[in-house]
Amino acid sequence: MSTASPLPLSTVTRSGPGYWLASLGSMTRFEMGRARQWAALMVVIQILMGAGIAVMYGFFYPRVTHLTALYLTTGTPALALIPIGFVLVPDSVSQEKLAGTFDFTWSLPAPRSAQAAATFLLFTTLSLPGAVLALAVASWRYGVRLDISPLIVPGTVLCALMAISVGFGMALAISNPLLINLITNALMFVVLLFSPIVIPPGHFPGWLLTADRALPFYNMAEVIRAGLCTGLVTDLTRSYLILAAWTAAGWAMTAWVVGRRK
Amino acid sequence: MTISIEAKQAGLSATDWSFRAEGVTKIYGGTLRANDAITLSVRPGEVYGLLGPNGAGKTTLVKQVIGLLKPTAGQIRLGPFDLVADPDTARQLCSYLPQAPMPIDSFRVREAIELTGRIRGGGRSDVRRRATELIGALDIGEWEKTMGQRLSGGVRRLVGFAMVTVWPGRVVILDEPTNDVDPLRRRLLWDQIRLLAQRGCAVFLVTHNVMEAERSVDRLAIISGGRLIAEGTPSSLKADDRGHLRLQVMLRPEAATPPLPSWVRQPVRVGHNLITTIDEADAARSISWATDLIGASVAEEYALGATTLEDVYIRLTGHTSADDHEAA
Amino acid sequence: MTELAGLLPPVSLRRGLSYWLGSYRALTRWHLAGLRMWLMLLTVVQVMTGAGFVLGFALFFDHIPASAALFVSTGVPVINLVVVGLVLGPQLVAQQKLQQSYDFVRALPVPQSAAAVAWYTVCLLAGLPAVAASLLIAEARYGIAFTVSPAIVPAVLLTAFTGTMLGYGLGHAVPNPMVTTLVTELMIFAVFGFAPVVYPPWQLPSWLATLNWWFPFGHMAVIVRAGLTSGMVTGIASSYVTVTAWGIIGVAVSAWALVRRG
């Protein structure tokens, strides 16, 4: 006859803002443990993609003018944040789905919104140092003096959050990993060549520019650029609004996918 | 075995195509002995089983035969050829079905079989005929034109078997061929394996499923911890158990192993099961001993029956074949 | 009871030219069938890297100088020829290793040289249409008239050969599939941006230009350019030597990797 003490069975259901915050805390800690394997890779990718590409593009020009250098440098943080949200996050979701750990995480007793918030917060925070580092490398390479204003803070945070939210929502909505791979690769390519992130928008034909204004990428670059120099960015409010809209879309997609039960 | 004699008499092949492994040893990193001086021989027309728990070294051994690994020491010969010295020849003379799933995602079933046959040197019409024969014999005609990635695990396995035996080598190595295959088609698979042997191939069958092995192989070797610990026909391996019965006592989960009476032989505890052999003459007192254990709430039930190859296996390796629990 | 003579296992070993040719043909068919799944991704990648790059490059400039247009138009074909063997090939092998299906292919009775040439054939076939498309699009967009000479044939064959063999060696020699993937991703960068393929070498900082002199990619651009234009490039002979040398290195590494046993 067993003499072990009775197990504490949970009979109380928790709710309310205290529960939400507590869940946020514990889920963040949970995600932090798993993020350890990503942390180093993230920084590497950001430096490669951010600074690496900005430096690389410099070689395309027979002569790098000051304006060119300025655009290249101020576009670097956007270049660093885009692959995090649109390649790394979808990839990791894909892998987790394949490995089966995804279902486990989402079966934990925490409100869905707290879980999503934990993921977003964590990735956003982790992606910022890399973006800063990439910017430092680019500005050193091109020797450009930057005019940093406080706008840089909300700008960068919003960009990171948007990229991660949209990437996450997209990865959840598309279940086929091969398709996700195809889309992320195609996205990266389109972004790097056909978006005025590090190139003045004047070079672009009107129809392409219209399309790019609706997509988040160009707006990311504008928002960050406004915090790094003056006089280059027009219609900043519009860019902020579009980014906010994309972020909301990402959250909506996430909420819809994790909320439904098949 | 009469078949090979007939073949010799018919003068179809004067060469002795026996397979011989002598002292095959594979050591990793200076200390891990994946294979330890394994010696065995297989005649053409024989189905030879390699039985053993996971990690015993069976796959390591066959990989050395097909030239994917090189032995640290020892010889592997097929007829007049030295397979260790000449891995290209090894690949030509041997067919290999690995344990892992086949890379046929973007191939159609018939296509994969015929292409492999062509790669192995078969002529176009011969390969086509043979593929038709195999698809029919394994009853997978329903999927003949299906893409690999759409197949279930069991059908994929059958296709893999067909790929490897459409134009078989002198030695056919099958690593767990019946994994995931449904019971009906499993029987068809065994029929084909037997046919291969009748046609003169020496078939290596790597498996951890003792029951199947007992029914289908001519001879078998039990490998454990890298060493060959027993070899022979199923009956010769059970010979020691002639006149014996198998007593299995299912103990209660928390119960410690009870003190064993003197007539109980070679007790092995696997999980909650206590498996022993007894003389037929001791049947009656074994039953009363087991019943007493139940009465004392030490055991839940008992079973008494004929010995099987599984018992030999358990006795020699300390594992059951169904699961991989360690012997107590 | 089956006829014994019906299908007896081979009594003699296959040797010689007919064995080699038979294996080559069968394996080429095997690779072509096996690439079916990848065909869509492959086409997309080739179109994007070809046409996309040719067209997108102009956006970097207000008005693209004629020389820049010429350099990118004659450089993009190199990427088309090399991307399948150098990038996709190792990824395929890495995937096989991950799925553990690598053993079956290695155990097939084919001479290793026939296997390599079969793979080269398939990579060449995958690259040629993209090269043609890129050149046509460049002609249409930039109004370039190429001076095609017979030198284009050895240039194309050799470039594809070296790219394929280097990828072959990389895929088979590196045991860890994750490392392979990482190296191939890095190589995309190397070929696209940090080697003088789509732009002339004097646009690179001198130390990088010197470094590239030792690697094959810039030289591939030289020999292909020599077959498409006249008077534009010099040092063609030494470029041929370098590309050939790297091809031989690729073959040597592959041979070593495939013949060795664990």
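We call the chains A, B and C, going by the order they appear; numbering starts again at 1 in every chain.
Everything below uses one rule, namely that a residue touches a chain if its C-beta (ideal position, glycine included) is under 8 Å from a C-beta of that chain, and two chains touch if they have at least 3 such contacts.
This is a predicted model, so every value here is computed, not measured.
Peer 1: Which chain has its C-alpha centroid farthest away from the centroid of chain B?
Peer 2: A
Peer 1: Averaging the CA atoms per chain, pick out the one whose centre lands closest to the mean of every protein CA shown.
Peer 2: C
Peer 1: For the chain pair with the highest number of C-beta contact pairs, give its two chain identifiers.
Peer 2: So the pair of chains linked by the most contacts is B-C.
Peer 1: From the mean C-alpha coordinate of chain A to that of chain C, what's the distance rounded to whole Å?
Peer 2: Once rounded, the distance between the two centres reads 33 Å.
Peer 1: Please compute the C-alpha centroid of chain A, do the same for chain B, then give the distance between them in whole Å.
Peer 2: Chain centroid spacing, chain A to chain B, equals 52 Å.
Peer 1: Express in whole angstrom the distance between the two chain centres, defined as the mean CA positions of chain B and chain C.
Peer 2: Between these chains, centre-to-centre, one finds 43 Å.
Peer 1: Please give the residue numbers of chain A that touch chain C in the complex, ascending.
Peer 2: The contact residues of chain A facing chain C are 48, 52-53, 56-57, 59-62, 181-182, 185-186, 189, 193-194, 196, 199-200, 202-204.
Peer 1: Can you list the residues on chain B that touch chain C in the complex?
Peer 2: Answer in residue numbers: 3, 6-7, 10, 12-13, 15, 63, 66-70, 87-89, 91-93, 96-98, 100-103, 105-107, 111, 115-116, 118-121, 130, 149, 160, 168-170, 195, 198-201.
Peer 1: In their complex, what parts of chain C are in touch with chain B?
Peer 2: Within the complex, chain C touches chain B at residues 1-2, 4-11, 13-14, 19, 22-23, 26-27, 29-30, 33-38, 96, 99-101, 103-111, 261-262.
Peer 1: Spell out the residues on chain C that touch chain A in their complex, using ranges where they run on.
Peer 2: 40-41, 44-45, 48-49, 52-53, 56-62, 65, 67-68, 189, 192-194, 196, 198-199, 203-204
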